[in-house]
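Given below, in the form of structure tokens, are the structures.
In the two assemblies presented below, chain A is common to both, partnered first by chain B and then by chain C.
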Partner chain A sequence: MKRRSFQVTMVGLILLLLLVSTLSFSLGTLALSPLEILKTLIGRGTQQQELALFVIRLPRILIALLVGAALAVSGTILQSVVDNDLAEPGILGINSGAALFVVIYIYLTNGNNYYSMPDFTIFTMPFIALSGGLVAAVLIYGLAWKQGMNSMRLLLMGIAVNVAFTSLIIIMQLRFNNQDFNRVLMWTSGSLWGTSWIYVGVAAPVIIALIAITIYGSRYLDVLRMGEMTAIGLGVNVLKAQRYLIFIAVALAAVATSVAGNISFVGLMAPHISRKLVGARHQYLTVTAMLVGMILVVAADMIARNLFAPIELFIGAVISVIGTPYFIYLMLKQDHYE
Partner chain B sequence: MKKQVTEVNRTAMVLVLCFVGLALIFLGIILSISYGTREVAGIDIIQGLFAREKMNIEQLIIWDYRFPRAISAVLIGCFLATSGAMMQGITRNSLASPSIMGVNQGAVLAMAIYMSSQAIPATIVRVFFAFIGAAISAVFIFLLSLRRANLDITRMLLAGSALGALFLSLASMVALLTGNSKDLAFWMAGGFGSVNWSTVYLLLGASIILPFALTLSPKIMIVSLGDEVAIGLGEKPNLIRFLAFICIVLLSGVAISVGGNIGFICLIVPHIARMGVGVDYRYVIPISMVFGGVLLVFSDVIARVIGNTGEIPVGSITSLIGVPVLIYLVRREKRT
Partner chain C sequence: MKGMTVMSDGIVIKNLTSGYEDNLIIEELNVAIPKGKITVVIGANGSGKSTLLKTIARVLKPKKGEILLDGFNVHQYSSKNIAKLMAVLPQGPKAPSGLTVEELVAYGRFPHKKGFGALDVSDREVVEEALDICGMKELRDRTLANLSGGQHQRAWIAMTLCQKTDFILLDEPTTYLDLAHQLEILTLLAKLNQKEARTIVMVLHELNMASRFADYIIGMKEGKIVAKGPPVNVITSENLRQIYQIEAEIMIDEKTQKPFYLTYENISLRNS
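Right after this comes the complex of A and B.
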């Protein structure tokens, strides 16, 4: 992969991202033309336009960008560390572990009333999610360990743990109020409904810092991808590097889940598409995957909001409509090579 | 001579297991009838079941709600376990089961579509839609197993469970769009909320499939020994697979259309049966029938005991029981 063509790809992806984001800004109950968006941004829009843009759509799109980036980078790390293209935080059950802990936390601190959630709860949510994600990761890793690690066994354990966590979430869900039910359903299905600036403030610093660390550590990912023996030969402490990177991947997925619920398949598709675009070097791959993930989530959120407006779909469901065939296709192809 | 002895032992084992299973079913039904928000005395149970004229509210509760519910739990458990045992036989793998491979979820999606388009959904049409949904997933798995004879079960499981997740999220999308998501969500998780006497008759009618499944079981036994053996013995393995798939679709379809998405019964029960009588599907299938009923009727009681006032979906209970079994089976698998 030449540096030049990487730059071209980046420019293309950034333009696409801008296009999708602008579309997402303009579509909605109150339609805004690109010109009106610009006007509003420099403070010359009507009050209604300002409300739609600054209070509702801008934080929501920022969250979509953050969540997309976090899930995509998490998937990139996991695929390299586990050395299997099917690995992904959603399929491995990390997201549902995080979601379960958050739902229990909300239930314990807030009773069965979801709407009047205090800021303190929102601020502490990412940490609760992180502990849930870590519990899930340790559980899956421990269960799949049998005189060594096998990526297929890891995936199957992920599916099993995922089912268990989802059942527990359903049991918890039915304990919430009827009116809050749809809101709580977002933890299993993924949704950006009701996001506000406070969520952006909570998620942005953590996600940006973690992605920066990942990009800095790209070389480790490259080396790990070459296989354990090569990595040891090159002087990498494989187990330590693996654990450290898995921790970052879990943290990214958990924080994303704490603001957006359980969204699968972004972490699967984004790295794979990016590998087709820029090759397997993580110096390029991580950034590209991040952009692709952002595009996917912003586009999916736009579809979820507008396709059947005023009813909003779950973004997780929208993504899995594309993601499932992609997953099955990847799997059959992988089978072919072996 | 020795072989004959083991054969006799096994027949005795099968009979004992069947007897124990039936006794447990009887116990489960009694428990299921007597437990609930309203305590019911023993005399009311007998009167509720046999008295021609229902005198008091307890007797009505028993006849109209608890008894149909207990019967449905037994029959649905029996259907699900049978379909699981058949699928494990024809795919020659102890991990295969309709609930993991997306068959149940396909049925749920098709029914969600039908039920949300109708103001007053008819039970019979609902069953029909469940068949279609189950058949779509089953055909997908069938084709996958035909096209790649050596496709290992791990990948088939991954494909099936991804498909199942997709169907469930589509079903919740349909429910959301039509504004009855809490009703359908409960139903997607599996439960006996919609059970009444007409669904019991439906289930009883569908029991005709069970003798067919039993007649097919020696053939499934032969297929489970491998295609070469089956062909050598003059059987047509793909024809048997096809017939078994029809049985599986019908059994899971009916069960899901009444009880919703109840998973893992079809995985656990055949496994328990194999522990008792070995891998001979002539015995595994009937034993699964009996113990499927046992497991589900007790799961229903557990769901009601734990849930207390707010009921827990029985599907969540069976999943929580089933996941450790799945984990154990995956760890045992040599190929993964």
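Right after this comes the complex of A and C.
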């Protein structure tokens, strides 16, 4: 991969992202033309337009961008650390672990009335989600550890843990009343419904910081992908590096889940598409995957909002429609594992 | 003289016990690998030669005993510092697809770098030198997938060279290669040993190649060392009978004055 073709890919992806975002801005109950968006942005729109743009669509699209970036980078890290292209926070059960803890937390703090949720929970939620994600990660790691780490065993354990956690969330849901039951579905299926600026304020700094750390550690991710013995030979403390990077991946996925619920397959598809575009070196791959993840989530959210409007689909379901066949395709073309 | 400490050169292995959680492969092993020489470890499958190499490379942690590299305990010093003294080439090494030869070779600078790991002028010189010695200069922009088996292995050896270490450990560097490529790789390693004074330790299966290129051979069986020394002392009928359960005829190569086997047969098959 030459720097030049990387730059061309970057420009292409950024243009695509701008296009999808503009489209997402303009579509909705109140349709806005690109010109109207521009006008409203510089403060010359109608009150209704301002409401649609600043209060509803802008924070929602920003959250979509952040969630897409976080899930994609989380998947990129996990695929390299686990050394398997099928690894990603959704499939490994990290998202559902985070979602489960959030649901339990809401249940315990609010009795069974979801709508009485106080504002401070928005700030505590990422931490609750993080502990849930970490519990999932430790569980998978512990169960899969047998005289060292085998990537296929880890993946299968993750799939099992994911099913278990998702079932537990459904059991929890049954304890909520009817109205909240539907609202809690968001955590299992993923949704950006009802996101506001406060979510952006909580998620943005954490996600941006974690992605920056990941980009800084690119060369470690490169070397881990070359196998344990090569990595050790080059002076990497493999176990320590793995755990540190898994923690970052879990944190990214957990923060994303705490604002958007469980969204699978972004972490799977984004790194894979990006590897095809720019190769496997992380100094290029991480940023590319981030952009691809943003495009995927913004596009999926747009479809979720508008396809059957006024009924809104779950964004997780929309992504799964593309994600599931993609997963099967990757599994079929994987090399044999002993 | 008071307070004088003797720094032992080379790799010194003391009372080493190593293996997997419930399966100890090597017990109480003692051996010294000389510095500046080519040492080859031989043995049948499951003899513990790979376990020994992996423990020296610190992929496996010893259960007991220690391994000293020019006096430094490899399992106590930071992995990064050891990586400046000893490079490791695993069997069948793998790299991300799409990587070019030059990009791969540059990873050899890893232990010498901090932060983003950007290479400076002196790093570039080291990469250049390594490509040159391994004859990979013209192929620097090729991706690894587009190399022959021998070229592929030469690219990896160039990477280990970039680490600028005194010691290079190689686990079966000639496996999967045909005869011509085996010779190509071993000749390159001999050149590195002679021209650059690198100490080379490797596991090899091909005994005649081992005999021809090694200064020192360690023969292992069931986790123990049954023979060690220069090829003339190790490649003997009795040793091969003990190590591999084969009956072999040993001759001396006029050209190299090294022993080689001519024909052999399996003892267990002959007796049945």
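Please note the rule applied: the second predicted complex is superposed on the first by the 334 of 338 C-alpha atoms of A that agree within 3 Å, B and C clash if a C-alpha of one lies under 4 Å from a C-alpha of the other, contacts with A are read in each partner's own complex, and residues count from 1 in each chain.
Here, a residue touches a chain if its C-beta (ideal position, glycine included) is under 8 Å from a C-beta of that chain, and two chains touch if they have at least 3 such contacts.
Because the structure is a prediction, the values reported are computed rather than measured.
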Inset, instruction - Put chain B and chain C onto chain A via the superposition and say whether they clash or fit. - result: fit
Inset, instruction - Spot which of chain B and chain C makes contact with more residues of chain A, would you? - result: B
Inset, instruction - Angle at the Cα centre of chain A spanned by the Cα centres of chain C and chain B: state it in steps of 10 degrees. - result: 90
Legend entry - Which of chain B and chain C A:Leu332 touches, first, second, both or neither: first
Inset, instruction - Check the residue A:Val223 against both partner chains and state whether it touches chain B (first), chain C (second), both, or neither. - result: second
Inset, instruction - Please work out whether A:Gly233 is in contact with chain B alone, chain C alone, both, or neither, and reply first, second, both or neither. - result: second
Inset, instruction - Kindly classify A:Arg243 by the partners it touches after superposition: chain B alone (first), chain C alone (second), both, or neither? - result: neither
Inset, instruction - Could you tell me if A:Arg44 is touching chain B, chain C, both of them or neither one (first, second, both, neither)? - result: neither
Inset, instruction - Mind working out whether A:Arg153 is in touch with chain B, chain C, both or neither, as first, second, both or neither? - result: first
Legend entry - After fitting on chain A: smallest Cα gap, chain B-chain C, Å: 17
Legend entry - Set intersection of chain A contacts, chain C complex versus chain B complex: none
Legend entry - Sites on chain C touched by chain A in the complex: 20-21, 54, 57-59, 78-84, 86-90, 93-99, 103, 107-108, 110-111, 113, 115-117, 160, 163, 169, 171
Legend entry - Residues of chain B that touch chain A when the two form their complex: 148, 151-152, 154-155, 157-159, 161-163, 165-166, 169-170, 172-173, 176-177, 179, 181-182, 185-186, 189, 263, 310-313, 315-316, 319-320, 322-323, 326-327, 330-331, 333, 336
Inset, instruction - Going by the contact rule at the top, pick out the chain A residues touching chain B in the complex. - result: 86, 91, 143, 146, 150, 152-153, 155-157, 159-161, 163-164, 166-168, 170-171, 173-175, 178, 181-182, 185, 189, 264, 308, 311, 313-314, 316-317, 320-321, 324, 327-328, 331-332, 334-335
Inset, instruction - Give every residue of chain A touching chain C within the complex, in rising order. - result: 1, 147, 216, 218-219, 222-223, 225-230, 232-237, 279-281, 283
